[in-house]
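Chain naming follows the written order as A, B, C and D, and within any one chain the residues start at number 1.
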Amino acid sequence: MTTPPAPREAAGRPEMGRLGSPGSGGCIMTVGVGVIGAGVMGADHARFLATSVAGAALVAVSDPDATRRNAVADAWGVAVRHAEAEALIADDNVEAVVIASPDPTHKAYTLAALAAGKPVLCEKPLATSVADCLDIVAHETAIGRRMIQVGFMRRFDPGYAAMKQALADDRLGAALMLHCIHRNMQAAPYTTSEGLNANSAVHEIDIARWLLGDEVSRALVVTPRASGLAAIRDPQILILTMTGGAVIDAEIFVNAQYGYDVRAELVCERGTVSLLPPSATLIREERREGILHGPDWRGRFADAYRIELQAWIDSLRSGKPAVHGASAYDGYAATAIAEAALKSLGSGLPVDVRLEPRPPLYGTGSG
Amino acid sequence: MTTPPAPREAAGRPEMGRLGSPGSGGCIMTVGVGVIGAGVMGADHARFLATSVAGAALVAVSDPDATRRNAVADAWGVAVRHAEAEALIADDNVEAVVIASPDPTHKAYTLAALAAGKPVLCEKPLATSVADCLDIVAHETAIGRRMIQVGFMRRFDPGYAAMKQALADDRLGAALMLHCIHRNMQAAPYTTSEGLNANSAVHEIDIARWLLGDEVSRALVVTPRASGLAAIRDPQILILTMTGGAVIDAEIFVNAQYGYDVRAELVCERGTVSLLPPSATLIREERREGILHGPDWRGRFADAYRIELQAWIDSLRSGKPAVHGASAYDGYAATAIAEAALKSLGSGLPVDVRLEPRPPLYGTGSG
Amino acid sequence: MTTPPAPREAAGRPEMGRLGSPGSGGCIMTVGVGVIGAGVMGADHARFLATSVAGAALVAVSDPDATRRNAVADAWGVAVRHAEAEALIADDNVEAVVIASPDPTHKAYTLAALAAGKPVLCEKPLATSVADCLDIVAHETAIGRRMIQVGFMRRFDPGYAAMKQALADDRLGAALMLHCIHRNMQAAPYTTSEGLNANSAVHEIDIARWLLGDEVSRALVVTPRASGLAAIRDPQILILTMTGGAVIDAEIFVNAQYGYDVRAELVCERGTVSLLPPSATLIREERREGILHGPDWRGRFADAYRIELQAWIDSLRSGKPAVHGASAYDGYAATAIAEAALKSLGSGLPVDVRLEPRPPLYGTGSG
Amino acid sequence: MTTPPAPREAAGRPEMGRLGSPGSGGCIMTVGVGVIGAGVMGADHARFLATSVAGAALVAVSDPDATRRNAVADAWGVAVRHAEAEALIADDNVEAVVIASPDPTHKAYTLAALAAGKPVLCEKPLATSVADCLDIVAHETAIGRRMIQVGFMRRFDPGYAAMKQALADDRLGAALMLHCIHRNMQAAPYTTSEGLNANSAVHEIDIARWLLGDEVSRALVVTPRASGLAAIRDPQILILTMTGGAVIDAEIFVNAQYGYDVRAELVCERGTVSLLPPSATLIREERREGILHGPDWRGRFADAYRIELQAWIDSLRSGKPAVHGASAYDGYAATAIAEAALKSLGSGLPVDVRLEPRPPLYGTGSG
């Protein structure tokens, strides 16, 4: 049975609202989650919540498109369905909200959930402009406790997690560079040269901040000749300099044709750690020996999405923010840095990044 | 809230008891699981059930050792604790049972759970003798529905699953050979030359049957010179011939020193599929570039255990046996084939395997 | 200028005839080599001798087929051409002979070269029967110095050499097992189930003896179901037990379709060493990431052939046998062990290997 | 016997002096090579020439240090030894010269060899200043035939060669980016922040020009925080833009501690090609599975040096420049581009590269 609303509003709670707590009488509580958006991302979140996350219950789905909405709801036996996100947020069955609707709607739905006192996991980006991101941060800061996690799922990928652990162990000395590769097979038709940064590079931006526990101070975009198979300036190389001096170079190539491929090598003073592609098998056939790349991020980051959702649900049940979850401030920072990168794309020159100070609600580190 | 006992006994249910079904009033039901045994394996199962399996609730733990029992129960906030497994099985909070106690107890606890009408996930081996395994099969056959899953977790490992899928796709033609490697760092002190087969090779035996969907017809054990670091005849090479003619060779080396390492290559008519070690990162340090092996199976097969438990819980909620779960008959077959291998170890000659016929309850395939 | 015949016959020379020695007047001497056979293997040897081996001069080519003979001779500007091998052997330009003609001719040409006092590099097999091999050994023993190197080129492959070095360093403890894979794309049409051992497995036999520095005491052939793409009993698994107890299992699969692939893993008490496929690059394209396998042995073992020839030429110039070169006795042993394997293929039972004692001329080790 | 001087001066010869031609009477001619400098590089060149290059004869060694000079000469039985390079160049035994002495001497010895009519393989850099490089180019242009090959050996590495071949096959579409890694364990004590470019990055500069068959138009150096284990600004990231728009980013890290490691990934429109580390074996020991990196370039590029020397000797014997050999103009270009990188290191800004036009003697391409 889902928890009653009362405990959600209880005084003296820890920083994050504790949901799904054990009830009386040995009853095992789950957090009732509503998913806004039944597109590719929403359908995936719904699937994970329904099948693979302990302590979660998928209780509602919303999408203006009835076909998509019903397809997802039917797949997992979800009775509560809404055309409007606002109705889902207001629904008493819904204790927490996943926002996977189109980017321009993220801000409004996030603020609506905050107003309803319901925690949010918002897919990236938090909002489509720096001002809107700051607006959300201001709302959460006014509430005074962490209600929002932004869906930078890579932080929960076992590979990036192992990298972060290697740094924490000080096994390899200080981090000096991070070489990143981000390749898609083909960009969505509406992708622009500018959007490539906001939509794809933003993952590299967030992971660099989180991994290094440091802030970005400068951004530079270098543009090689564009692929003849791309209608935009693709690939691009994004170079970030951190406050502490580490440098990140990230190839963003969204029409790379051969497969979805994300790689990273963290270069430290005494050694390096690289991501391995998460293939469980090696195939030998037709003169080749190797692995297969998936067509998109879903296979590559399936574990990351599942673990992200589990960490979010765990945080709701424990009342403490997910240790590695991206905050609203992280969502703001990623958008602000992507904006700086966009300026560099236009000018060809390095652009200094000046972020608003981190409110105390968000602690002291980037990680 | 855990489901009331009534539905468990309802007539007209599907083959497997359906547990944790949706209750009235939007209540999300979970399956209340009791874990017997709080050693390494039991603690791991408890952890997965408490943290990573959708629809499961860890409701009880039993172990004669109060320290171990309480350590596991405290870790996950489990109130119900029993010294005796029989008490756990009888406990009304417990709807389904995981048996992770010492091997000689498996039979008694499995039969007790069957008598109580509670489904069982029993760690391998199902029982320590062929006769005992057949006894359990007879009990389950008499009940007339599948109540038992044996913990051959490798069937749920993403690597083996991908191998099986490659065969199903007929991508590479028919399977001809399976080369297996099974290495532990050091054997437990009580391991004998004979037990090496029963305890370690049994995994290779089960995976061969499942992967190839075929039965073993002959077993031969070849013994190389023993390692000077082993007190027993270690390594051994187990060679199985399937009814359809495919041959499995499996190196079992339980004092291999360098790490826990399980590998397999399935050789087909037009190509091969091999397991890759599931490392998320590559490390370069101290003149080396490579991956790290864990000390034991827990890291290597963490995903397999989690997915196995999820599939078991899903099967309990749906009332249908887990598609890839090992049945009591599979548990019997593995023990019977290991016994044939043991004879070959003694004689140095191939030993024919003669299995009891598969009762209709267990379908027609080995897989 | 090639060395004059006189020094070849000089008394007091070291064990092996010293050829190509520095002449007077600063003249740099090369060894004049004649190649018998202008097929695939002969053409390759000719190419290496003409282009990549220090101190060698390709001076003559023989082949009954004028087209092939002239093609090879023209390619490297070789003036001396013979239809008959005997004429080449007798030719004064020829100081040393490479025999790469069909297997049944090996014995006669080897004995002819011995009679002419000219050292021989004979492609494997040394001869097509055990008796013929022993006959050659008897001739060489009567001469009293090493004149023959058998073309087991794998001993010069950098991968196998690194394996042997690892054993010599005692880095990993004693050798316990050697797992071998030998795959061709398609067998030549004339290949028989029996010939598969003599022609392919013989490489595994030789490398096991050399690598382990030990002799084979027993052979067993296990036959999986045959590939539907093979007209013979293919694949086969050859299992050799060494005198010291180490066990070799070698998959021989000459219709493996996907590529030429030779692998080996040497398993020692504290770790293992495996061959890596010698690819200089990794390719990502069409959803795949990996390496390419060549169609046959020429790419895979190009370095081994080159280094083998260099070692042979060096041995001729220094007058000492190539440290890792296979002797006539090694050629005999490989043929004798392949014959034992053939008996096992017929009977399905292990066959004991009984070799003639190693004459003192061949030292004390197998390696 | 080495060729007499007369043919070297013959009129009507092909572009490059033909040496080591077949003499009369079936004599096999070798090119008599003298090596200037008996340090690490000189000793290596001497070894390859003496042991592994067809058609070459190591006939003389010079070094002011008698101990080093004699050590190398003794190792290979070389009688002719000179303290002074000039004496070696003048020596009648010497037909061609390898210059492996300290960088500041390269220009003088190269010009001396040109004056003596003897072809040169000069270790990189061709000279230590742009002006000196141009001076050498002017001398060679005045002679009117190619006498100089610069020792950019990577062009002969099988990995880079396979990359170039992949481009030639148009298998992957046009080249867009080249990601490079160049790591040494520790820099020589005299290495400066500025010299890091001239001495190490120069290899990346040359390989980019050769691989892409294009010229560099701009250079930018980005400096991450320096390693605490380096006394200089190390690492550095060199970013080159080619005339055709392709971009090269190259990490140069000469105090990387863990091993010598050179990598590259060529990114094309439809796929990528990467270098694989040339390890013949994989080792499993002490919880690790992987390969070993050598301490320096000698193991990594042993094949490249051998093949480079073979190509050079072949070119001398055929009278045609080595197809992939770096010319004096390439040597000039690398130095000029490194100088531009040095300016960028000082200013932090991109620096345009303006090269002198390529004289007709050097053909039309960079490759």
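Note that in this section contacts are C-beta pairs under 8 Å (C-beta built on N, C-alpha and C of every residue); 3 or more make two chains touch, one makes a residue touch a chain.
The model shown is predicted, which means the values in this text are computed figures rather than measured ones.
> Looking at chain pairs B-C and B-D, which one is connected by more C-beta pairs in contact?
B-C
> Compute the centre of every chain as the mean of its C-alpha atoms, then state which one is farthest from the centre of subunit B.
Most remote chain from subunit B, centroid-wise, comes out as D.
> Between subunit B and subunit C, tell me the centre distance in angstrom, where each centre is the average of that chain's C-alpha atoms.
Here the centre of subunit C sits 47 Å away from the centre of subunit B.
> Could you work out how far the Cα centre of subunit C sits from that of subunit D, in whole Å?
Computed from C-alpha means, the inter-chain centre distance equals 35 Å.
> If you average the Cα atoms of subunit B and of subunit D to get two centres, how far apart are those centres in Å?
Once rounded, the distance between the two centres reads 58 Å.
> Would you please write down the residue numbers of subunit B that are in contact with two or more other chains?
In subunit B, residues 258, 270-272, 282, 284-286, 291 touch at least two other chains, as defined above.
> Write out the stretch or stretches of subunit A touching subunit D in their complex.
Those residues of subunit A that touch subunit D are 173-174, 176-177, 179, 220, 222-229, 235, 237, 239, 241, 244-247, 249, 251, 253, 256-258, 267, 269-272.
> Of all residues in subunit D, which touch subunit C in the complex?
Residues 1-2, 22-23, 25-28, 30, 32, 50-54, 56-57, 59, 77, 79, 93, 157-159, 161-163, 166, 171-172, 270-276, 278-286, 291, 310, 314 of subunit D touch subunit C in their complex.
> In the complex of these two chains, what residues of subunit D are touching subunit B?
Going by the criterion above, the answer is residues 258-259, 261, 277, 282, 284-295.
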